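In the two complexes that follow, chain A is the common piece, with chain B as its partner first and chain C second.
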Partner chain A sequence: MALLSIKNLKAKINETEILHGINLEINPGETHAIMGPNGSGKSTLASVLAGKPGYEVTEGEVFFNGKNLLEMPPEVRAREGMFLAFQYPVEIPGVSNTNLIKSAVNEIRKYRNLEPLDAFDFISMIKEKAAMVEIEQSFLNRSVNEGFSGGEKKRNEVFQMAMLDPVLAVLDETDSGLDIDALRIVANGVNKLRRKDNSFLVITHYQRLLNYIVPDYVHVLYKGRIVKSGGKELALELEEKGYDWIKD
Partner chain B sequence: MEQDNNKILDDFAESEYKYGFVSNIEQELAPKGLNEDVIRFISAKKNEPGFLLEWRLRAFRHWQKMKEPNWAKVKYPPIDYQDIHYYAAPKNFNKYKSLDEVDPEILKTYEKLGIPLEEQKRLAGVAVDAVLDSVSVATTFKEKLEELGIIFCPISEAVHTHPELVEKYLGSVVPYTDNYFAALNSAVFSDGSFVYVPKGVRCPMELSTYFRINASSTGQFERTLIIADEGSYVSYLEGCTAPMRDENQLHAAVVELVAHKNAEIKYSTVQNWYPGDKEGKGGIYNFVTKRGLCEGENSKISWTQVETGSAITWKYPSCVLKGDNSVGEFYSVALTNNFQQADTGTKMIHLGKNTKSRIVSKGISAGRSDNSYRGLVKISKKADGARNFSQCDSLLLGNKCGAHTFPYLEVANQTAIVEHEATTSKISEDIIFYLNQRGISTEDAVALIVHGYAKEVLNNLPMEFAVEAKKLLSVSLEGSVG
Partner chain C sequence: MTGLKTNTGVAMGIKSKFIENFANKFDTYLKASNLPDEIAQFKAKAFGRVLSDQLPTPKMEEWKYTNLAFLNKYNFELAALPTLDCKTVDKFIFQDLKANVLVFNNGKFCKEFSIIIDQNIEIVTLSQDVSNGFAWNNIKLELASDVFSNLNSAFFEDITFIRIKRNSIIEHPVHLLQIFDGNLSQTSIFPRAFITVEENAQAKFIETYQKIGEFDTISVASTEIKIAQSARFDFVRTQILPDTHIFIGRTNVEQDRNSLFNDITFTLDGKFVRNNLNTKLVGEYTETHYYGFYFADKDNYIDNHTFMYHALPNCFSNEVYKGIVGDKATAVFNGKILVKPDAQKTNAYQSNKNILLSEDATINTKPELEIYADDVKCSHGATSGTLDEEQLFYLRARGISYENARNLLLAAFGEEIIEKIEIPQVQNMLSELFESKLAGKLK
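== the complex of A and B ==
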């Protein structure tokens, strides 16, 4: 059974339909990339999957773990194992990274009928995952994303992803605004998390990221529809020919 | 003109007198209205010494000449001061026979705060059998204090047992001439706490009204007086986190603190009087005057408050830093939701040399509420080397509420250093969604943000109180987002 199954998904924001019927299946262990020009609906797809308020699904269905995703509030989708790495992570003054991640980890554990992590296990887990994305301990005591550089914010997203261990991670333009070193760190972090039983949906505008996070499938989103799908070579072809090639 | 007024008032007083209620000393409830006879009646009921009656009458006469202040950023219909009972026999009026009769919304809140059943009954005004445990705990407590020479009792009792202390200190920090509500309180105050800590004694436990034997419903015009003699220390807790039911809409309390040389007073408040319903109906008007005098050198007074209740809050716990090297602190979280209005802050009056003050104010507004910080830092001519640091932050939930900051600064000494920082932030939908996406529900997300925001203040509360206060903040904000 597919982990994520999207059928004829149509969605609008402010009375404007952005997604005009998306079909996509992701199986456990697969990494899918969604590419497309600006305004094609890539981020809208990520937002609709995560349940961001303001987006209205007008048609179609989405099943996640065999459950109707569209009926779940955003926090339940997260607890079911969906993680969104935000394109623009927000700053949350007064709430430390550690505090946020502790609440999140324990909420998700509670949903799975597990006891909260004890302080010792939590700290060793934090140390391990922080090392993976090369972030300093002191960074964890700071308020969430407050005063972080663009690269630090993205690394923080991947750190949280590592802590929450999702079954499906949606990366919304995680490469945007990253220099090559930061890109490498972020991509390495993601690659270390790839297993047979989890899946990734990598949304990106550029092929560059896919040199580091090599996808199993590449889909091209254009004007709210997936117009072309293929293997990882498709990304290279796109890079070479540009999006105009698709538009014909 | 004045004479005319006096005549009218006299006539009014006489006409009341004609109905003869004063002669009926057994009566449990004074008739509505305020005049000298009502004050004599209150004083007689409490069998007060002459000096106190005289003082009450002077306060009343002064109050009559005063006008209700209107500078605060709060709105309410005019109060008819002649439509209030100023004396009710000091006993609990139990409104309900059992918890079944109490508003289920209130019971739900009690449950969320984890309040034991017997305690719930007491708070909601249900008739309770004597809870033997709490009485015996309180008795043990009192014996321990007596050993150390600490006096902790209702002020109505102190008037009889320690009249010299009451006469010396009552009104010494907040004179009845201070303001309209302080004058009213001085004239009619019902009861409150009295604390005296002798020289060199460190009070080993937190003193709280909860353990004050015979603490009956004295909410309306409470009067508290705390004196820390040289080198002593005391921590006092006022209020409780549970929503308190009270039939009286107008509350005008006065709290006076006196810290002598090398003494320290820590005063913590959690105020959760009935705030009115979601439509803004009902709720307590809380007009409080709180002031501490750092009388001696090296003395310290620290106010910590968590204000979540009342329809209107008007209070400015202040410090007069008279002794050299004395220290004043004010830590506040004021939360308003629905239609609540709060105008609160502090005054730090630096008189002595090298005096220091610190202000940390955290306002949280939700719903259609209005939350103002109003603070004065005054450095007098002689206060060489005085220092102040103020931090005033506002947090907004939604876009129908208001937050305002009114800092006043008067510096008459060149050597003073005064710093002021202020921030305003908003809990946006984007932040909530971000936290939702991490598996955290909207209510928990708000709690996480608010606790982080108020941390610096909550950390100043005694530990157990801090835990309760955190819960209280979350419960008070329920339903305010999303």
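== the complex of A and C ==
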């Protein structure tokens, strides 16, 4: 059974339809990339999957682990194992990274009928995962994303992903605005999390990220539809020929 | 009920049952009180003013958001014999905080329950020692411009004078524990205190309120604080009041040269709370911080009127008030800053931020800046809105429930004020109370 199954998904925001019928299946262990020009609906797809308020699904269905994803509030999607790495992580003054991650880890554990992590296990887990994305301990006591550089925000997303250990991670333009060193750190972090039983949906405008996170499949999104699918070589072809090639 | 003029032609407020109730008691009270002539005469004058002013109406600028008519349904008695015992007092003392504890029962200082551990704090009451108390820093009894202060003057049972001696640093916090006793009847309480922080002295005060008994109570408090040259005074007021208590309090502060005053007013609950906090600067190079936090829900009414009076140059003041208003509650913030023509090089800042949790909640926020000097830096800002949707979604996308996400954000909003409290035990207590209120309220 597919981990994620999207059938004829149509969605609109403010009365404007952005997604005109998306079809996509992701199996456990697979990494899919979605590429597309600006305005093609990439971020809308990520937002709809995560359950962001303001988007209205008008047609189609999405099943996640065999369950109807669209009926779940955002927090239940996360507890079921979905993770969205935000393109623009929001700053939350007054809520520390540690506080956020502790609340998240324990609410997810509770949903799965697990005891809360004890302080010792929690701290050692934090240390391990923070090292993976080269985050310093002091960073964890700071307010969520407040005053972080673009690179720090993206590393924080991958750190949270590592802590929550999702079965499906959606990376929404995680490469945007990153210099090459930060890109490597973020990509290495993601690669360390790849296993046979989890999947990734990497949304990007550029091919460069896919040199580091090598996908099994590449899909091209254009005007709210997937217009082409292929293997990783499709990304290189796009890089070479540009998106105009798709438009014809 | 509408006699706007007396037969002598003096303008009067609308007669109210609330004032009439006190008018019926005043003569008997004064005769029985056995006070020195000077004070008895002052009280008579003060009550004369109360009678002519009557209750404020929303037509008065100072009370434009407030309908006081609900006061007329009560039949308050004057405070009778206390029912307090040690066990009750013990429950209300911070168990993990070594502090000087000053217990007040219905506004009257109770020496027998109080614990003074630091030297250099001196306390006398009007009933014990009239002359000394007034001698400290030339303290005087004066008529006020507002009816509740005059009502306090007319009916205060005692005055507590607290003196922090020159050049002393009071090591432990001073806990003013105000107990409102409604065990015997509907009771009116008129606490009156003068606090004098003498030259180059330092002290931290925390005031808490506890209601006992079933009957409704009202406290109309008046506190006057003088902070002398180079002195520092920290005042934390934690107001967590049950539905059966009405709170009206005025704090007048006078700050002399080089002094520092930090006020933190924390109101977590209250059916009717009206705070007036006024600071007048009487010396240069002073620093003043007003921090406030209020969380009004149910049908709470929480009203903070603050006033910063910059009369002299080179002074700094900063004011940050934040509030959460839910259900059908109403909150008021009115922040006045007056900068006199002589007060050049004044820095005066003010901000008021509010989060509304329901459509029926009301916030009235009004900055009032009057600036008559030209070389000053002054700013103010007021916001009111709902929680940030992007922040809420971010937290929920991490698996955190809507309720808990909301609580995390509201807690962060309040913590900014709580963390200004420099007494860790008090800080922790307020964090816990605040968070448990959030959890209970928003379950």
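Rule of thumb we're sticking to: the second predicted complex is superposed on the first by the 248 of 248 C-alpha atoms of A that agree within 3 Å, B and C clash if a C-alpha of one lies under 4 Å from a C-alpha of the other, contacts with A are read in each partner's own complex, and residues count from 1 in each chain.
Note that in this section a contact is a pair of C-beta atoms (placed from the backbone, for glycine too) under 8 Å apart; a residue touches a chain by one contact, two chains touch by 3 or more.
This structure is a prediction, so every number in the text was calculated from the model and none was measured.
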Next item on the list: Look at where chain B and chain C land on chain A after superposing the complexes, then choose clash or fit.
Entry: clash
Margin query: Just to be sure I read the superposition right, which of the two partners does A:Asn211 touch: chain B = first, chain C = second, or both, or neither?
Written below: neither
Notebook entry, point to check: Which holds for A:Leu84: it touches chain B only (first), chain C only (second), both, or neither?
Noted result: both
Next item on the list: Figure out whether A:Asn23 sits in contact with chain B (first) or chain C (second), or with both, or with neither.
Entry: neither
Next item on the list: Starting from the residues of chain A touching chain B, keep only those that also touch chain C in the other complex, and list them.
Entry: 50-53, 73-75, 77-79, 83-84, 86, 89-90, 92-95, 99-101, 103-104, 107-108, 111, 143, 160, 164
Next item on the list: Spell out the residues on chain B that touch chain A in their complex, using ranges where they run on.
Entry: 423, 425, 428-431, 433-442, 444, 448-449, 452-453, 455
Item checked: chain A contact footprint on chain C (complex, rising order) -> 388-391, 393-402, 404-405, 408-409, 411-413, 415-416
Note to self: For the complex, give me every residue of chain A touching chain B.
What the structure shows: 50-53, 73-75, 77-79, 83-84, 86, 89-90, 92-96, 99-101, 103-104, 107-108, 111, 143, 160, 164
Next item on the list: State the interface residues of chain A toward chain C in the complex, per the touch definition above.
Entry: 50-53, 73-75, 77-79, 83-84, 86, 89-90, 92-95, 99-101, 103-104, 107-108, 111, 143-144, 160, 164
